[in-house]
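Down below are the structures I want you to see.
What follows is chain A paired twice: with chain B in the first complex and chain C in the second.
Up next is the complex of A and B:
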């Protein structure tokens, strides 16, 4: 306290050091330096597992792959071929993504442009809740709603709709976000010069929001292609590509789920590694595309603001 | 008098709204003259809310709450005598999710502080995407990797070491009944869940630390504090909302994780007797036993009730977590 100090007391910063405060100072700076060295090492906790995982799956799967394995559409369990699962997964993803894009895109744009602010807040919150919902619950919903009540049975179409509902919130949120973040002057300029809502959305909003919406769709696909519970609970695995929507169909992740505990060298385990390899490749590719597109989008938006 | 060839557009328009004060100017909402447009605009917009309500209603309808109350929160699970006590699975979920959350919060804090404070920016920009990439790896791929690669490490190295050296801690003394050598059980489940919750916690904490004003940081340094002291006393306090939201959302993720845990938890419906034991979590149990329940209406209703409980937990946790970071409705968070 300043009042307790006598008038003759010297005020010298070096007093601290003379009184033996060097220890405290050294400890403080030393601790800071040690933290600077040790904390970055924690990155290893994240990077080592992902590196080992990708290496392990690739090392197991790549030597067993051949052109024949990927293109043969015979019974996949008997011949250790991936043609049927790849094709069926593609059909699953194509249909589910289409449904999710239709629902999510229309919904997101409508929420950003038309819905009253309060209602939009509620719907956004429910989209967040849906995105945070455990996949097994969506699977249960698909089982009780589509398989049992709608009477579709454990079929391709039940899996498609369950997967689509799982993917919808991701598309919805990016579409909503993309249209909400279009700078106000642009909206006002469009409406001020007499554009109708549809004209604004198609001619002004869509070109600006397109890259971001695309990242949302890719993200939803990356999440959907690796999902297991929603599909397995609602679809029976079939040995062939389904010819009608009510037939059983096999999804890639099912191969991993059935094969992971099989003995080494068995067909099921080989199929599991191959399926895991293809899923990782697709997911990583989609993630990289999302990053690149998102980076370019950010630059573009910065250009818009200036 | 001939009609004017130029259409009078003013009749098509709504009258201009009264000018609002500039302080309350929000995004302007469109209005429609013809009610049919409402269908195109409002019905698609409420799709997520409709799906959420449909999911809750379907599960409620499927369960009819036939098995709720004391029977539901019982410890005895025996499908042949129609006793569906689900407490085992709730306890199993908590026993895996809470340690995994604590671990991933600690590691996430460390990574976020390192990336925002200590690392040079170019290095942080290279390393950060790897953590985000953890979120992209599908759960089932984590599962097969953990089952084949990590489980032997736990079973042959880590668990025996802990039995030998940590047996004075309650719960760490192994017994012959628990399958410590296979490696399945609580420790590896916690490991997998930690990895899977890590990207969420790290991302949200990093976001919280990055959004702190530069002035605070600089004034802290100017007062003579070290970087660590500024982080501890300024950044972590300023960013506490984001850090709490990371905890809530990470917990929701850990509770809901299904397939990866189902592959390594050991899948045995009993309370664990020591820390290496096998057990079950709510999500993995629901996932694995739906087939077995087919045809037994009480069993199905018990499972639907368990789904409702899990739904309620994740809803509550997500609601709180999202509310805390309501201002960051950003594309990064949209990815999780």
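Up next is the complex of A and C:
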């Protein structure tokens, strides 16, 4: 017979593909199988409390809501309505976001495009420091800077600026990252075509960086809308929509902060549930919108030089 | 200074005693090189010899790399582009550049080609005319004329590179720098770019960086051989490739480097 390597013939040990079938291989495949089952379970453990919370809050809040409750701009404590807190929170967020976007965007673009390496490093470090700062510290900063030093008092505007300072590093970090991660050849091609720095940023950089920056802005809003400390330390809760920026104004989270310990059936507790419900809705909506919008923009950038 | 400045020796671009160094090493060492009108000079040499840096000094792109210092001068029609009072933006509009891999922007084919013209706020009719002209000169017009509004990302790599050439040509530069423009492309696309270069060298000054001796032989009039930051030899393509004088050049073209 010719040399025929049948299944029982001896073969070169290096060609024996079953020699790895040992305890180690069995353990590896077993581990893999069990982890495949365990991870969904762990995910359920993480998601269930959140789902339960959302359900609990919604069940308490939704039956008490009506068109009248959310649109009546009368004194919210006397009439058990949510129009004033909704409107003032919207104003807080709109102004604070605008300020944070301007500061964060300029800072991010400066660090990514204009500042020398070392200066950019300092800016990055201080932004990270600010982002890691507990909100109550930022609140105290706002209290000393805006309320006392600038003499604005416990007012709407002091709260707006404090909240904006709290949100700025989140916008800054994504703007910096978005502009720094634009492929170098794209940047050089723009300059090589005779673009001035501002022209490069507006015509080439901005369209590429936009989806990421948008994500950062929405993330900052989602974090800001749930903050309590920067506002309660700098703004006195007002019962009506302020007519000047130096008047008191109420922020949604204040209703939760004061209402959660009140007896069942009280106006304050109802308001707390309603406020919590709206914050959850806003945060969920921001997350969904950012995914949809950023995803659409990202699709347009597919094929960009990597 | 204003008015037309006559070039000192009939060359459009002239490198004089140019050295580039980073903190710890010399990248280019006292280079002298002239580029006459309607010519294609191939700058060849092994990897890391400084050829890319050399072309990047010709339109001040080298300044975008922090930590490099440039000495000596580069004269464009007799004006030193490194002199104070010279706007690098204007330099780059006269001396265009194409890079190793296609760098199209996330916009339509038309807007990519119109990019440089929009920067200088040309009128719509002028932009339209110049874009057609540039796409024709770069050899892309017949392939894209049907739909100029499609995304530039929908083009193939070779088409994207010719679009980048068109983008550089649209502002009608006198000099076009090509930094290994075909290194990321397949042979068919490379051949089309080479044909484009051969047409363009009848019109403007081309400076081509390449590590491919065959490409230099096919398209260039003149070869400059660079080694370790020094200009070893420069002369008509046939002379350098067939009768090199310097042993380093011999080693390079017979493939004993890289």
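To be clear about the criterion, the second predicted complex is superposed on the first by the 251 of 306 C-alpha atoms of A that agree within 3 Å, B and C clash if a C-alpha of one lies under 4 Å from a C-alpha of the other, contacts with A are read in each partner's own complex, and residues count from 1 in each chain.
Just so it is clear, a contact is a pair of C-beta atoms (placed from the backbone, for glycine too) under 8 Å apart; a residue touches a chain by one contact, two chains touch by 3 or more.
This one's a predicted model, so the numbers in the text were calculated from it and none came from an experiment.
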Touching partner for A:117 - first (chain B), second (chain C), both, neither: both
First (chain B), second (chain C), both or neither touched by A:61: neither
Superposition-derived comparison: chain B or chain C, residues of chain A touched: B
Which of chain B and chain C A:199 touches, first, second, both or neither: second
Contacts of A:186 with chain B and chain C, given as first, second, both or neither: second
Which superposed partner A:130 touches (first chain B, second chain C, both, neither): first
Touched partner set for A:221, first chain B, second chain C, both or neither: neither
Touching partner for A:107 - first (chain B), second (chain C), both, neither: first
Chain B versus chain C as contact partner of A:69, first or second or both or neither: neither
Which superposed partner A:173 touches (first chain B, second chain C, both, neither): first
Set of chain A residues, in rising order, touched by both chain B and chain C: 116-117, 187-188, 191, 194
Chain C residues within the chain A interface of the complex: 59, 61, 64, 66, 89-90, 92-93, 96-97, 99-107, 115-116, 118-120, 151, 153-154, 164, 167-168, 171
Residue numbers on chain B that touch chain A, as the complex places them: 9, 26-30, 40-42, 44-49, 51-52, 54-55, 58-59, 61-62, 107, 110-111, 113-115, 117-119, 123, 127, 129-131, 133-134, 136-145, 147-149, 195, 198-199, 202, 226-229, 249, 252-253, 255-259, 263, 283, 286-287, 290, 303-304, 307, 310-311, 314-315, 318-319, 322, 329-331, 334-336
Of chain A, residues touching chain B in the complex: 28-29, 31-32, 35-36, 39-40, 42-43, 45-47, 49-50, 52-53, 56-57, 103-104, 106-107, 109-111, 113-117, 119-120, 122-141, 143-145, 148-149, 165, 168-170, 172-174, 177, 180, 184, 187-188, 191, 194, 197, 212, 215-216, 219, 222, 225-229, 232-233, 253, 256-257, 259-261, 272-273, 276, 279-280, 283-284, 286-287, 290-291, 294
Contact set on chain A toward chain C in their complex: 116-117, 183, 185-196, 199, 203-204, 207-208, 300-305
